[in-house]
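Structure, as structure tokens:
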């Protein structure tokens, strides 16, 4: 390492939401990144350090002007529907894009249209997009110029279930994912649901009848398992800022013991620097992963019913969003996968 | 109501723990109760208002002296194992006892011994005890002189599942109860797990490999359903003071629609003043029930998998402990069931 | 108590904000109140139990129609400026009104106009209004038909300082009130400041250059002390739902010891059921008063500087708003002062 | 930067408390540090990543064996009294020590003995120690081999008041410091006061009659101002994990306007990378500094009373403890002051 390595130019669109600001925080410390532009329609003209004083930078938020974006890497941290049009215009020109919205996650446009209530405007581009979960799709991500960064719930659930489904350990049609999320997962938009006195000292299930992250889990896990995976998914809102804990339940197909399953999980993730499978008898906690890009998994078999239980924790803004987006950038740029991440 | 009604003398043993103090708070406002003694070994000699300044009373904590307890009603809010000996001595003498410990909840002493690790000292008395869930055992409670007040998790889970099991709607051997509890559920004893900086901004599953409240759920629900009910139960610790939210998952045996099930639930609880079944499409939140004796239930059928989801909320110190204990006292004394409760 | 006492009809205008809903909660349990109408423009037509499920009542929110309000007692829990017009129309007709807004609290209209930025529309009515702090103005409140219910910060600060100022113990021009409030004090209106992830794990001073509750404190304490009281007041937002803790600092004029001052405070409040002066060496905590109408005071003299420190705690929705409003109603109606309050 | 710079060996004694673990976290990312040993009597033999899973390292906690400590730099994060003996044995041998306890902070041993209740065992070593607040003592720290790292409250208060006192703007004998701290400030030791359900939804003043951090503030500020500074200091416990917000009040000696004072503060700290003076009209919040080594200051003059108000925020584990300890190490070792800190 005898000479300083060159830096790559990066733009973040939608830099002042929670995911966008976390991206900026990580990118400012990344040794191979020069953060060139931060774009925010709402706060154009203001220093981003005024909106998020934790960010130590002189960068000024700019309005969105596609032509003025010249960076090699662009992160889009925008609402779905908005994102697909902008990504469509940015694409090409030897540029790599990581899109944090849902717009390029579902390969089946009819499913997209069913869950998001609108026709997909970029079906051709969609076919080029890679689902950005490095633990499943590392090689494709490395060659891709458009990565669809996974949702926070799917990241936690897929990592919890992938080894069991790939190795055909569990039944595919009776999987339960009971997920608990901190409030940043709901974004920075004001709602009564996220008004402090309504959330504090409270908890609740929401979108019990169907949450948009469900098809994403089912699509990826079905691909992996070679069959139709069906999940009962219930997300819950918990009074804390960051973190998702997903408790996953599935019926075992074979009579394996817990150590055998733990071994299979450990082997499945042996090349993955950010996923840790805990020893038998240990279970992960949210505080172990917040402000990091890590996912920790603990598992057991219930004595009475014989069901498999897998518990997965991530930071919804880390491995569940911005950390994973930078992990994807590292892969796309040929950097070491862990660079600038913790 | 032309003349004031007489009051009944009450003693609370273990009055300074969270359940004990909540009992004292409720009993001080109860129109038919004269709170005669509050007993606390740890704080004997001190005014209880010094330990819990919210309690407006001049009562002084006393040491435990069985002979000096002359009240007609005694609440024992003691640790298991300790409780059974004391209840054994108090029993008889025309007295009614509500025991908040686990000691008289399980009719099968081998199960008690397996889960609690000690031989039951009062098997004869155990046979006289009634499991104090009024919604299932109201008539027996009315005639009983020893009520075993249910655990907080079993209360939430049994109320969520009883109608479905009694009416044979769901399979008995694949039920999942994912429960989330506030920290008072862990009691007032100091542990690193409940040290503020360890719980705050954190959450975790605990006793994933087996929690003592499981056999209680299985025993009561098996009785009700006429078959062996098997539950996968995972409790979680959530950073808030009071409240349990249980998300229950079960496979439906018949193809009922959600409205039919909601009707069956509503009918099941039509005589129960403290249980509310929400309209289809509504789901309950913790904040709706804290500081009350209420349980609220919401249910749906998952579109993809067809599994039944029932969500149940209670205050772990209310319907999950002290509120329910007073509800049981009301029944045992022939008072209106809702008296002094909200 | 040989016959049931008659109930008095009550209307609450602005019933769905935090103060309004707390008023409804207290009034539903009040033995002499028949709650006739709950008025909410935003939620007209909906059951109030749907907006605030903790409220067990069938009352439906109604729009505001002055002519249809026939209750003897009206509580107005409305924003300032809005309130004064409505109270103006309601006044008279043998009716008693408790106004929870700031509109009738300041007798000096030029001060009102300076701080609230608008001309007072009801100067004649203002002269009839009594500042509803029972500990200072009990006799006037009893005879009044319009009570201006104090602000939450002024309640905590005035009760902390009144004895010292009335007895001329402290200098009038160098008093500091450092107040810390839970988030319900900021109301139910959505703001970024009260968005959960912004408040949780955060705290901040606000309106450091001048908060509208300051003139209210100064006016009442000046009246009491017979001189111009000047206060440096800084409010802080703290991540909890309910409660104000005010730490007040003042320079003593005479060399009294702490026991003498504690005696004077105790004597000052000896007739006041809701104010408690703690023994020397004890200091109050928020948790002792939440969900109650109580104020607890602790005091000491700083060893180094000789300054007096008085710490005061209340529930901002209890003694700081709705509890105190009911205490005022009790006085206005000739009921026992503590009736229906805890 | 054409060749990699050498790393320096570091040992942390007391590595598993909150300050110790935060030190380890920072040191693991520091580009010039090789963390050689982590010492914890309680957890000797266990990987520190098992006690604090956020720490990604294979280091095993060791028992304390003075002879085996060979690092050039030692951090002692131990309780007072314990620390002074160990530091006494470690001192010398061309080694630099940063002591995070109170044992070497007070130059006047009679004051130490009064507040800590024991005779100082190392008076000679005490004379060599430098009070490790770089903004006041940078040059002395650079030359020192024993730095007494300041307490968290003194750091926040001294930085808030130093410019005003050094420039003789305020009266010395009537300063008020009202400080609010998160719960990690109370350490990892279990107490009822820091049991989750007791702190959550609560707040309280503590040690109102005298807190040990007071003499530290007074000693340093007296030195700086050339006169006897007297402070009324009240600390408060707030339900959040990290952060101190100190609101400081002082009477101005001269009639300066707020802009002039803000200019003097800005000038005072112009060489200090971690202290920021906000523009007039802005005030800092805790969330801006947590997980950093920064201190942010906002100030104003109260309109009514003319008192100066200065608000100061730090992370009690960052600038209030471990961040500052690393800043001191950077100075002692001739590294850039900001290296490895944010």
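To keep things simple, chains are lettered A, B, C and D as they appear, and every chain counts its residues starting from 1.
Just so we're on the same page, a contact is a pair of C-beta atoms (placed from the backbone, for glycine too) under 8 Å apart; a residue touches a chain by one contact, two chains touch by 3 or more.
Keep in mind that what you see is a predicted model, and the values were worked out from it rather than measured.
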### Message
On a CA-centroid basis, which chain has its centre farthest from chain A's?
### Response
C
### Task
Could you check which of B-D, A-C or C-D has the same interface as A-B, with more than half of the contact pairs identical by residue number?
C-D
#### Entry: Centroid distance [mean C-alpha coordinates] between chain D and chain B, Å
47
### Message
So the centre of each chain is just the mean of its C-alpha atoms; given that, what is the distance between chain C and chain D in Å?
### Response
39
### Task
Calculate how many whole Å lie between the centre of chain A and the centre of chain D, each centre taken as the average of the chain's C-alpha atoms.
37
### Message
Using the touch definition from the top, which residues of chain D touch two or more other chains?
### Response
200-201, 239-241, 284-285, 287
### Message
Per the contact definition, I'd like the list of chain C residues that touch chain D in the complex.
### Response
173-176, 178, 180, 198, 200-206, 208-210, 214, 218, 230-232, 234, 236, 238-243, 245, 247, 249, 251, 281, 283-287, 290, 298, 300, 302-305, 307, 309, 311
### Parts of chain D lying in touch with chain A, wherever the complex brings them together
1-4, 29, 53-54, 56, 201, 284-285, 287-289, 291-292, 296, 342
#### Entry: Complex contacts: residues of chain B adjacent to chain D
18, 182-184, 188, 190-192, 194-197, 199-201, 239-241
